[in-house]
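One structure, as structure tokens, below. Some questions next.
Letters A, B, C and D mark the chains as written, and numbering starts fresh at 1 in each.
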Amino acid sequence: MNLFTDAVIAALILTNLRLIASSRISACIYAVACQGVLLGVLPLLVGPQHLTVRACALSAATVMLKGFFFPWLLLRALRSVSVRREMEPLVGYTLSLIIGAVLLATAMWFGRQLPLPVPARSPMVLPLAMFTIMVGLFAIVSRRKALTQVLGYLVMENGIYAFGLAFALSEPSLVELGILLDAFMAVFVMGITIFHISREFDHMDTDRLSALRD
Amino acid sequence: MLIVLSAIGLLVFSGLISFLCGRCSRAANLIGAGGAISGSLAGFFRAVQILCAGTAEHFHLVWDVPYGSLSFRIDALAALFLVPIFLVCALSGLYGLGYMKPWSGRKNLGAYWFFFNGLAASMAMVVIAANGVLFLICWEVMALCSFFLVTFEHEERSVQRAGWIYLAATHIGTAFIIVLFLMFGRVCGSLDFNAFLAARGHLGSAADILFVLAVIGFGAKAGFVPFHIWLPEAHPAAPSPVSAVMSGVMIKTGIYGIVRTLTFLGAPHIWWGWLLVAIGLVSGIPGVLMALAQHDLKRLLAYHSVENIGIIALGLGLGVLGIALKMPALAVLGFGGGLLHVVNHALFKGLLFMGAGSVQHGAGTREIDLLGGLVKRMPWTGATFLIGAVAICGLPPLNGFVSEFLIYMGGFHALGGQSSIAAGALLIIGLALIGGLAAACFTKAFGVVFLGEPRSSHGANSHEAGWSMRIAMSLLAAGCVGIGFFSPWVVSPVAHAVESVSGLSHVVVQGLLAPASSALLQIAVISALCALGVIVLSLLRGRMLSGRISSTEGTWDCGYLRPSEKMQYTASSFAQPLTAMFEPILRIKTHQPSFLIKEESGCDSHGSGPFFPGGAAFESHSEDFFLKSVYGPIFMAIQRLALRLRFLQAGRVQFYILYIALTLFVLLIWCLR
Amino acid sequence: MNYGRLALPVLALALAPLLPGIINRTKAVIAGRKGQPLFQLYFDLAKLLRKGAVYSHTTSLVFRAGPVVGLISAAAVLLVLPLGGAAAPVTFSADLIFLAYLLGLMRFFTVIAALDTGSAFEAMGASREVQFSALAEPVLLMALAAIALAGQSSGSPLHGLPFCLSVIYSRLSLATWMHSGPALLMVAGALWVVFLAENSRIPFDDPNTHLELTMIHEVMVLDHGGPDFAMILYGASLKMWTLGALLAGLIVPVRTGNSFLDAGACVLGLFVLAVLTGVVESVMARLRLTRVPQLLVSAGFLSTFALALIIWS
Amino acid sequence: MTMIALLVLLPIFAGLAALVVRSDPFRRSILLAAALAHVALTGYAWVYRPAAAFSGWLLLDDLGLLFLAIVSFLFLAAAFYAVGYFKKENWGERQDFAEDFLFTNAREATFTCCLLLFLAMMSLVCLSQDFGLLWVAVEATTLASAPLIYFHRHRRSLEATWKYLMICSVGIALALLGNFCLAVAATLGPDKSVPMLVSSLVANAGLLHPLWLKVAFLFLVVGYGTKLGLAPMHTWLPDAHSEAPSMVSALLSGALLNCAFLAVLRILQVCMAAGQGQFGQKILLVLGLLSMALAAVFIVAQTDFKRMLAYSSIEHMGILSLAVGLGGAAYFGALFHAVNHSLTKGMLFLVAGNILSAYKTKSAPDVRGASKLLPVSGVLWVAGFLAITGSPPFGPFLSELIILKSALDQGRFVVAAAFLFLLAVIFVGMAAIVLRMFQGTPEQAGNALAPDGSVVSSSESAFAVIPPLVLGLAVLVLGVYLPPALKGLIAHAARAIGG
């Protein structure tokens, strides 16, 4: 069990690194899709000892949404615009990796500073979640393309989701569904907006969207 | 109390009605002015009654506002301020009836009267309010009403600028007053003045802070240097009846605030008195100097308000010193002189601003150097302005002398005490200097505007003001003369107010004022004799000269040939010896383009040849030191800083999210450290 | 009011025009001339009163009011003016302010009457007049305050009518001089400056020149003629009497207790003062205009310093 | 049960109806009717407080009622204004006045639907007692309002919408993380935990894990603070407010920000009960002052008057946060100020809309003589400026007075001095902008001048004038009279936070 969990966690970390190290947007989308699938599986691994219908349903929904639907949506958006690569990110790829390492260390520190009120199933889940969130934020901050930023947002959501799973919180499923729905809506609306942006501006470099300023 | 409250109600109500009449200018003008006059007069007579009786009246209602209550209190001190407020407002209303007529149709006179009556009502409310929140609301309503009146002619850039400076100054001043009351509330537990009074004497070291707050906050309204910068901007910009009210009575609410605060603070410290004396000197002397350097009539008068506020502050400072040093005579004379000067200044400054308004109304300009000879075309305005000018210079037998005389007496008393000698000496030198300079300034103002020959077509085409304006000015002039000649009877009502400020008993105050009263009585008698003497001598001269007067010639002028009106001395040249002496304070800027030689035109307007000089121009103006060198740089620095920080909102969403992330990081690290 | 004391103003009204005569005679003697008669001003006044008047069409009532108000103010001052130890007819506390401000009233009307003519010359004189008097007024008040305190410090406490001129001068005695001589000397110097400046004497002004650019007082009254000019001349001599009496009362500390003797001594002192003025005018030149304020301010320092000396001695 | 559900469902159904209705007048009357009905329901709920619904997830407590009343009232004004706006709006293709491109508007039906959904979601925020549901509702307000900002389909509004979405989504994601942390803090044992309801968390506050609670508070404050417009998370606010149609700006500023503030208050309630109030208040105090300072920086010499109003909203959110940070009597002041700010800012944005439509520019230096061209709106504009900067006799003066008083009473002189200084800077800066717009003579060539050279004031429709006028009068009344019912409600709500 532990082996599996650790393997999944390591894979998740790798997908994060892949996200910030790759210039091809499609590769990034696939990395996020991969991450979504792994996250969907994670609750079944670290969750309660016995499988319940609810856990399975949630897991399936997550895999469907995060692993397939969102990537599909984004790929479609990617196809509609002529951009394939994140050419000149605000932070270069090598530097991004170094920062990623720093973020990982910070996430570890946070994990150590925050003692868990209940014995955790895996000590790595909390740092993983933190790291994923930070990577997501970093992607949003350091990339130019709107699509990459949406990816960053998705990764951030993933991190939060992972955090939620880490403790198998006794959240009523209604809320979980609500959260999923919201994430879905957010991505959906963002996708629509990206569509409008690419149509209106002939690009989707969000750093060039700076007409509104002081 | 109810009479005063209903008078205020009448003011507000008539203002509203006038506002609703709005575009129907005639009705708005009549209703507004009628309300202003009748409401103010009703209040005036009641206030005089209360002042003479020396009683106090209370009124209390619950009010659903946090910390607020509808508490009112009229004591002698409040009544002393109510008297000039209502009087000047009534007469300015009367004056405005004629003055505002030319605007009917072009501007919304309903709005004018709404704010004018609102200003009158709020000033009265400020003086009688006995609750901090109520006071603050009335105070700010007063400021806003006067702001809208100042910007009545807001089409002009200069008026806009003046309005902004005024609004900013008064608002920042109010901030200090808010803190003042809240600090009182912190100590006393309630914002009712009764609670403040109950806590008097138990304030401890807070009293010092409270006093400084009051001096800054109320001083900004009163026009203490260095908080005076709004006065010379706002008064010229406002319509003249408004300037009369603002300069005559509104700035006095600042004085009221300081005096009222003093009554809450209990036994004063010596340095408070010193501070007030110092403020009086730095307001009085630079005020009159700056006035001397002006050639805009209303700006000149505005700086004189600064000067007179300085004189009042000198009086109050002596009074505070007197209490602190246990010299009751000093206290009584200082407070008495200061408070009486409040009334006197209201009368003559109101009169002078109305005179300036008539000049502007009749001649179309306030620029002193363009005027001249108006006394022949505007005899009423000229005569009343002369009375105002003599009064403001503090010359006997008019009212300005009476209050200055009391303050001088206080100054001499201060010379008698060991620790107040310096104050006395400073005060006497200061007052004497102020008096001399004021005389210089008003001989200039009156002489250049009203005497001689017109210096431009403005002066030549002027006409006398309408009946309502003349009546208003005449009544104020009569007030100036009346207080001057009947001064002994004026002192005893003022004594009631002095009692409530100084905390001394009626008998003591009357006893201490007795020498002053008897002196004033003798002065009044001599003055009456002098007046008689002037009349007799004039008649006598008339007899002697009968049939031997030649008045067809021009001015002899030492035989100078063909003098023209352009060769007359101007206001600037008249004041030049004095302004040159005080150049470092006044910072006079001159613009003197070289003589223009019109070669290409061949022939200039006078028909002379091409080698003669054409037109020449010379212009000078005095910059306000504090506006240019203190406040201006501060405001510019804040603006520069703001512009430099604009990069924070540069439009890139990446940075925006970085801000969020960094905030989160910093907070997390701070929390988990 | 003590009617017997009315003799003082009457004396002043009668003798004041003599002072310019004495000054002129002194100057003549020093210059080796015979000079005018002592009573020349009386003759002038009489002649002027019989003349008609020319009023420029520029002028208004103000121009006519100027001399009248000036003369009446100068005469009213006499009511509070003591002569040495002899008390004035009217006494009240702080009447020295009244005195100074009545002189101010006189000046105010003289100045606006000058401005009423529309003449640049007269306005120039008026401008200088207000400048110098604004500086002289504090000097006068401080000097009088110093005298008052000197009298107080030599024994008699501040009671009765404080800062009443008659009281101040009656308390001033030889003893006071003994006690605070140097300070009083400085005060006398300051008052002397005021006396010369306010009466437009050399070194501040030259009453004899008709070079307009150098004149102060004379130029202001250029356009007055006939009875008006008489009133002005008479008023000016009353003013000289007044300021002179203030100075003479200080430098002639004869206090016998008999009012007549005291007054007589003071009048003598006044005449001596006039002679001294004549001497000064004979040996000094007029100051440059720009130096005048400096001298006045120095006098102010002198009187303030004297006051400080008296207080802390 | 039905009452509470109705408060949310009514606008939803009305919105769906508006989406399908074809006739414009009918749709507009639906909008108005829904707004009126919502106000009526709120009023009814005020008097007859409904019971909890859905096992306590929805409950109208004092705090919620106060904010619901604000939302409802402001929405009515905005709806009324919107009807006039729709009537006047040119629905075809038209030219942008700042840049010269062509654009169209979004469909009116979509817009109306989103408007009503926005109301529903804001009501839900006010009603929800569960932190999860609260989060869902706040996120839903973002989604419902994004199309509202993108009403004018041009690039500037698109940019604003993108920034709004991106920044608020990130913020809200962090708030979700905060919710999880809160859940961790509420976990008592392997299978035992405190429910995420406000009431139960407050009741069992002593059992919560302190460190995790702190972390939860941090995340929630940063997250909801993004929505609230606290500096430095405020960055979306000026863009969105300046590009949205004016009634949307009014709702964003007057209602949405308050909803976010309510969310912050909820978590603070828990923190206070758990004895972590000091910690939270310190953060709020600093963020509040920072917001005020930042607003001051951008208000001084601001050239766009709608952005100026947006920065003013940031300032007032700073004041609210500062007040909550001070605590004590300032809770009352904060809640009162929230009411005042909503009314005033709503009024100001509506008036700004009138000015915008008359002058066709958002650049403040280009607007002159509003007093002549728009007599009513001009006066309201200045009145609103005076109100928002805390001048008597308007409501914000009283609330700011209360806040300042409690700062002084607590002896926090530095805070009080900074507060006053920033208020003064903002006042002076705003005065320079607003007065210049009000005064003078209109210079625009597009505006007709009468033959004699005087300015013809353009007719102002009742729809455009009455809503801000009513809001302005309400602010004025609050400045001189605090109705006991409102006072009681605010006092109870303040006590609920911990005051």
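One rule holds for everything that comes next: a residue touches a chain if its C-beta (ideal position, glycine included) is under 8 Å from a C-beta of that chain, and two chains touch if they have at least 3 such contacts.
All of these numbers come straight from a predicted model, not from anything done at the bench.
J.: Along the shortest chain of touching chains, how many steps lie between chain C and chain D?
T.: Each step joins two touching chains, and the minimum needed here is 2.
J.: Determine which two chains are connected by the greatest number of contacting C-beta pairs.
T.: Top-ranked chain pair by contact count is B-C.
J.: Farthest chain from chain D, comparing Cα centres?
T.: Greatest centre separation from chain D goes to chain C.
J.: Rounded to the nearest whole Å, what is the centre-to-centre distance of chain A and chain C, using the mean of the C-alpha atoms as each centre?
T.: Once rounded, the distance between the two centres reads 99 Å.
J.: So, what's the distance in Å between the C-alpha centres of chain C and chain B?
T.: About 35 Å, centre to centre.
J.: How many angstrom lie between the centres of chain A and chain D, each centre taken as the mean Cα position?
T.: 31
J.: Which integer distance in Å separates the CA centroid of chain B from that of chain D?
T.: 43
J.: List, in ascending order, every residue of chain B touching at least 2 other chains.
T.: 646, 648-649, 653, 655, 657, 668, 672
J.: Residues of chain C touching 2+ other chains?
T.: In chain C, no residue touches two or more other chains.
J.: Give the residues of chain D touching no fewer than two other chains, as numbers and ranges.
T.: 162-163, 166, 170, 211, 215, 238, 298
J.: For this structure, enumerate the chain pairs that meet the touch criterion.
T.: A-B, A-D, B-C, B-D
J.: Help me check something: in the complex, which residues belonging to chain B touch chain C?
T.: 372-373, 375-376, 382, 386, 390, 393-396, 401, 404-405, 408-409, 412-413, 415-416, 421, 424-425, 428-429, 432-433, 435-437, 439-440, 442-444, 446-448, 450-453, 515-516, 518-519, 522-523, 526, 529-530, 533-534, 537-538, 541, 544-545, 548-558, 560, 563, 565, 567-569, 573-578, 581
J.: Residues of chain D touching chain B in their complex?
T.: Residues 162-163, 166-167, 170-171, 174, 211, 214-215, 218-219, 221-222, 226, 232-233, 235-236, 238, 279, 283, 294, 296-298, 300-301, 332, 336, 369, 371, 386, 389, 391-393, 397-398, 401-402, 404-405, 408-409, 416, 420, 423-425, 427-429, 431-432, 435-436, 438-441, 454, 479-484, 487 of chain D touch chain B in their complex.
J.: Mind pulling up the chain A residues that touch chain B in the complex?
T.: Against chain B, the touching part of chain A is residues 90, 110, 113-114, 134, 137-138, 140-144, 149, 206-207, 209-214.
J.: Can you list the chain B residues touching chain A in their complex?
T.: So the residues of chain B touching chain A come out as 646, 648-655, 657-658, 661, 668, 672.
J.: Mind listing the chain A positions that touch chain D in their complex?
T.: Where chain A meets chain D, its residues are 114-119, 133, 137, 140, 146, 149, 153, 156-157, 160, 163-164, 167, 169-172, 174-175, 178-179, 181-182, 185-186, 189-190, 193, 196-197, 200-201, 206, 209-212, 214.
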